[in-house]
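Here come two complexes built around chain A, the first alongside chain B, the second alongside chain C.
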Partner chain A sequence: MSRFRPSFFIPLIAFLGLAIIGGMALQSTLSGNRNPSQLPSVLIGKAAPDVALPLLQDRQAELALGNFQGQPLLVNFFASWCAPCRAEAPALEQLSEQITIIGIAYKDRRSDTTEFLQQYGNPFTAIGMDIDGRAGIAWGVYGVPETYLIDTAGRIQWRHAGPLTRDVITTQLLPQMAEMQ
Partner chain B sequence: MGLTEFGHFALISAFVLSLIQSAVPLYGAARQDMQLMLIGPAAALSAAIASLIAFGALVTAFIRSDFSVALVANHSHSAKPLIYKISGTWGNHEGSLLLWILILMIYGAVLALSGRGMPTHLKARILAVQGMISSGFLAFSLFTSNPFARLADAPMDGKGLNPILQDPGLAIHPPMLYLGYVGLSIAFAFAVAGLISGDVDRLWAKWMRPWIMAAWCALTLGIALGSWWAYYELGWGGWWFWDPVENASLMPWLAATAMLHSAIVVEKRGQLKSWTVLLAILAFSLSLVGTFIVRSGLLTSVHSFASDPARGVFILGILLVAVGVPLLLYAWRGPRLMTIADFNLKSREGALIANNMLLVVATAIVLLGTFYPLGLEMITGARITVGPPYFDATFNPVMGVLTVIMVLGPVMAWRRGATPRIKTTILAAAVAAAISGIVGIALVNDMAIGALAAVMLIGWLAAGIGADIWAQLRPSPQFSLAARWQRLPRDVLGMWIAHFGIVVFLLGATGDGLFRSEQVVRAKPGDVIEIAGREVTLLRVFERQGPNFQALTAELEYRDAASGRFIARLMPEKRVYTAERQTTTEAAIRPRPGGDDYAVLGDGDDRIGYSLRLYYKPLISWIWGGTALMALGGLVAMTGRQRQSAPNNSDVKTTADVKAMARGRA
Partner chain C sequence: MTRHLPQIIVIIGFAISFVIGSGLLTPATISTAHALTAEEMLADPALESRARNLSKQLRCLVCQNQSIDDSDADLAKDLRREVRTQLVAGQTDAAILSDLRAKYGDYVLLAPPLARDTMALWLAPVGFILLGIAITLGMRRRAVQIDSADNNISADNSISSADRARIDALKRQHENLNKRDTR
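Now for the complex of A and B:
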C-alpha cells in the first residue's frame, strides 16, 4: 500500500520555510542588528519638538532648546514620583561631565522636583516643567525615565525608554555620542 | 556533597536514562524482543524519579534562599513570601525548563505504569519517542541552562522576582499550561510510533484519545488562567490581546481540539488516520513553539519577561529535529495510512471533517497573524504589528461557522446522514437564534453585524444542545429518565458540558464586548464619577507600606446612582517594589456574575488630580466559567471511558496478535 505522494511533503516544506525565517530572525537578533524590545521612535533624524516649558527655578522664563544649538544635548524626562529615575541619577551625574543634559520634569510638582534634585543630585543644565504632559506627548514619551540624544543641528539621534543602565550607556549611548563628533 | 550538587547529579542521571529509554525499546520493538522492550517502562520510571529529585533539590534551594545558587540569587529574595519563593522556581528560564522536563517525565511514567492492555510494542515505541524528546530537553537544560550553577561569592540577598509575577494566578498558570503543552507530547509519540510501525488503527486511537483529552483539559485551563491573570494583573481591563505569546498557546489548543475530534473518527470509523497523525505532530510542534517563543526573544510580547536570543539557537535546533524528522517520516510513511474515503458529507464524520477544516484554518490564521510581521521584517525590513482588527475579521467568522456545525454534528449518525432528531434540533436551534437576534436588536442600538451574529449563535448553540439533550434523555414508554441517564455514554455527557461551556464563554465575551462601559478621568479626592448606573466617589488617596513594596492606594466608594445604596469600596493601587525598582498597577475588581466593577489608579497628585480608569464589564467572568466547563466536559468524557471501555482486545499482549488484529480491521 506504500506509495509516494507529493502532497504529504507539504507540511514538511511549510515547516522548513518557517524555520528558515525563524533562523534568519534569530541570526539578525544575535548579530545585534535587531532588538525586538527596542521601541522605534518616529522622531529619529527629525528636529526635536520645541514645546515652550516654564523653567523650574523661574516661572517666567521659558526653556528653549534653540538656546543650546551647536552643542550635542541629552534630554532626560524624569519625575520625582518615578523610582527608576532615582536609580539612573548617578549615571546622569557622571554623564553630565561629558555632555549638556536638559531635564524635563514630567507631570511633577515644583516642590517635589526640587526636593528630588536635592536628594539625588542635579546633573541638569536647565530643567523644564512639563506639568500637564504636553511636551511628553510631542516627544512621544512612553514613560519616565526616557532619554533623547540631540545632535548639534537639533535633531534627535537616539532615544532610550527606561533607565540608563551601565549596559545601555556603554553599548549604545557612548558609541552614538562618539559617532556624532 | 550539597543537595544542589545531588540535584545536578540526578538531572545527569535522568539524561542518561532518557538516552537508554529512547534507543533500547525502539530496537527491541524492531527485533520483537520482549526483554528489550520492557526496558522502556523501567527507564521511564527511573528517569521520572531522577528528575523529581532534581526538581525537589531546586525547590529546596529556593525555599531555603540559598543564594550560592546563581538561579536563586538572580530570581529570589529572602523577603518574599514562601509561596512566591516556591513559584519563583519556575518563574525563570532554567527553572521552568526543569519543570517542563519533570512534567514530561511524569507523563512518561504514568504511561509506563498504566495502559495494562496496551500492545507492548506500541508502548515501547511511544516511550522511545518520549525518551528522545526528554533527552533533547535535558541536553538543553544541562548544556545551556543549568539551573544548579553555583556562584563563587554568594550575595547577601537575592535580586528578587519580577513583581508582576508575584501573584497566585501565576504560581499555578505555568504548571497548568505545561501540563497541557507537554501532554500533547504523548499524542505526538503515538503518531511517530504509528508512523514507524505503520499500525495506525482503531485500537491505536482508542489508546490515544484519553491522553489527548487530558492534555486538552490542562491546556484549556492553562490558557484560561493566563487570560484571567492578564485581566486582573496587567490592569488593562481586557482578557485577550492577540499577543504573540497568547497566540502561541492558542495554536496548539486549536490543533488539539481538531485532533480530539478527528481521533473519534479514527476510533469509530477507521478513517482520517494520516490526518490525525499529522494533527498530533502539528499540535505538539506548535506547543514547542509556544513554550519557547517567549525565551528566544524573537517576538516582542507583554509576556516576555525573560528572553535570551543565544538560547534561541539551541531551541531552533531542537525544533528542527523534533518537528522536521517526524514530518519527513510523515511524508515517507504517511501515504501508507490512507484509507479509501467512503463517507457521506451529511454524516457525523462529515461534520467532524468540517470541524477539523475550520479549526485548522483558524490555526493557520493565528499562525499567519503571529509570524507575518516577523517574515515581513526579514524580507523587507519593515516593522509592523498585527492586532485585534485582523483577528476579529478572520478568526471570529471561522469560529462562528464552527459554532453552527457544533449543533449539526452530534445529531447526525455515522455513515448515513439524517436521523429523526436532526430536523427538530435544527428547527429548535434556528428559532432560538432568531429570537435571540430580535431581542438583541431590540436591546442594543446600532448593533454591529458581528455582535448580532454572536448573539444569534449563542441562541443557536444553546437550543441545539438543549434539543439534543431532550432527544436523548426524554422519558419514553420503554425507558424512564433514570434508565436513559444510566445508558447515556459518558463521553456524550462530556460533550454536552464542553459545548455548553462554549455557550457560557460566548455569553461572557459578547456581554463584555457589547455592554462594557469605560471612564477615563482625572479626579481629585471628593470627585464623583458616574459609570453604568453607579456613582463612584474618590474618597482619598494614601500611601501604604506592603511587605516588599510601597503602594499608592485610592479609596473608591461605589453607590447605586438611582437609590444611593452603598455597593462596594474598591481600593486600586500602584505599587513600587523596592528591591526590583519596578512599578505595577493593582486593579481593584469586584467580580459578580452580572458583571465586574474594575478600577485602575494611574499617575497624579492631590493638586492636579489622579488619573483613574473605571470599567464596568458585564458578564465577563462567564468567559472563565465557560472555559472551566469546557475542561470539565473533557474530564467527564475522559473518566467515563474506563467504565464503558471493555473492547474484547484488552488482553492483547504480543505484537503478532496486534498485527493480526490490525489486518483484520483494515
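Now for the complex of A and C:
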C-alpha cells in the first residue's frame, strides 16, 4: 500500500503540462502579441495585385497602380459604411503628407463614398471603386479598413487589417516606411 | 467473452463518437440551413455541384468556423461568386483552391494542409490512439502475470502440504475479505 508508484503522478504531470501551455497562450493573447482575429498576410513580398478599377471621379478612367510605380504607396481599403474607417481618417490625413495614399472604396456606392470624403476629408491621391468586392478578394481583404504598404518595385511590404491606430502607425508603419528609404 | 464486455462497450463507444465527431454521418442525418441563394447558382448542374463541394472546403474568414457554403456573411457570398466565376472560366478545383490559398493563406482552407508545422496537428490523434492501445495492453499483461503467478504456486511441488493448507486458508480469508468489501 505504501509502495511509491510513479504512475500515480502521471495525471498530475499531464495536467500541469496543459496548464502551463494554456497559461502561456493566454498570457501572449492578453499582452497583445497574438491576436486570433488577425490573420497573417501571405501576400507580403509579392507584387501588388493590379485589378483594374473605375475611378470615383471618372467612370471611364481606370485606377492603375502601375502609374505610381517608383514611389512607395499606401493602399487603403475603406467604405462609407465602415465605422473604424471614420476613426482612422485623421491618421490617414496626417500620413498623406509623407506618402502617396491610394484609396479603394470597398463595396460602396459612389454617392456614399463622395459624401464620406466630404465629411471626413480626402487623403487619397486617387480612388478606385471596388463595387462588387472583386479587387478585395484579389488583395486578400477580409474586412475594411485594411491598409497595404507598397514598395518602389510595386511589392507589398506590410499589411494591416483594422484601423490605423497611433500605436500601429508608430510601432509598425513608420518603421517600415523608414526601412524603404 | 463476457469478461471482455466492458472493454468492448468502451471500444464501440469510441468508434461511435469518432464517426459522429468526424462528421461522417452529418450530411445524411442533419440538414443544415444553406446560405446559398438561387440566383447565385450556376445553370450547369455539374459545375454547381463542384462549386458546392469547393465551398464546403473554404473557410469564411470573418466568421472563422463556418464554411463559405454555410455562412451568410457578405465576404462568404463574394467568395462563393469568385469560386463560380473561376469554375465557369474552366479552372480546375485544385487551381481554385490554390488561388484562394495564395491570397488568403492556409487559413482559408477548413482542413489545414499536411505540412511540417501542421504535422503535430495531423499526427496527434494517431499518437493518442497508439498510446491508448499501449496502456490497455500493458494493463492486460499485468493482469495475466498476476494470474500465472497464482497458478505457479498451485503447481509447485516443493511446497509442503502443510504450507499449501496455509496458503489455501490465507486465500480463502482474502476472498472473504474481498466479498465483505464489495458488499
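Here, the second predicted complex is superposed on the first by the 155 of 181 C-alpha atoms of A that agree within 3 Å, B and C clash if a C-alpha of one lies under 4 Å from a C-alpha of the other, contacts with A are read in each partner's own complex, and residues count from 1 in each chain.
As a working rule, contacts are C-beta pairs under 8 Å (C-beta built on N, C-alpha and C of every residue); 3 or more make two chains touch, one makes a residue touch a chain.
Please read these numbers as outputs of a predicted model, since none were measured by experiment.
Q: Tell me which touches more residues of chain A here: chain C or chain B.
A: Between chain B and chain C, the winner on chain A residue contacts is B.
Q: Is A:W139 in contact with chain B, with chain C, with both, or with neither (first, second, both, neither)?
A: second
Q: Scan A:L43 for contacts with chain B and chain C and give back first, second, both or neither.
A: Touch status of A:L43: second partner only.
Q: Just chain B (first), just chain C (second), both, or neither: which does A:F8 touch?
A: The first partner, chain B, only.
Q: Can A:K107 be said to touch chain B (first), chain C (second), both, or neither?
A: both
Q: Contact-wise, after the overlay, does A:G121 reach chain B, chain C, both or neither (first, second, both, neither)?
A: In the superposition, A:G121 contacts neither chain B nor chain C.
Q: Using the superposition on chain A described above, determine whether A:P90 touches chain B (first), chain C (second), both, or neither.
A: neither
Q: Jot down the residues of chain A that show up as touching in both complexes, chain B in one and chain C in the other.
A: Residues common to the chain A contacts of chain C and of chain B are 37, 40, 107, 132, listed in rising order.
Q: Please output the residues of chain A touching chain B within their complex, sorted ascending.
A: Against chain B, the touching part of chain A is residues 1-5, 8-9, 11-12, 15-16, 18-19, 21-26, 28-30, 34, 36-37, 40, 81, 83-84, 86-87, 107, 109, 112, 131-132.
Q: For the complex, give me every residue of chain A touching chain C.
A: So the residues of chain A in touch with chain C come to 37, 39-43, 107, 132-134, 136-140, 142-143.
Q: Can you name the residues of chain C that touch chain A in the complex?
A: Of all residues in chain C, those touching chain A are 61-62, 64, 74-75, 78-79, 81-82, 101-105, 107.
Q: Spell out the residues on chain B that touch chain A in their complex, using ranges where they run on.
A: The touching residues are 274, 278, 281-282, 285, 296-300, 304, 307, 309-310, 312-313, 316, 319-320, 323-324, 327-328, 330-336, 338, 371, 374-375, 377-378, 383, 576, 581-583, 603-605, 607-608.
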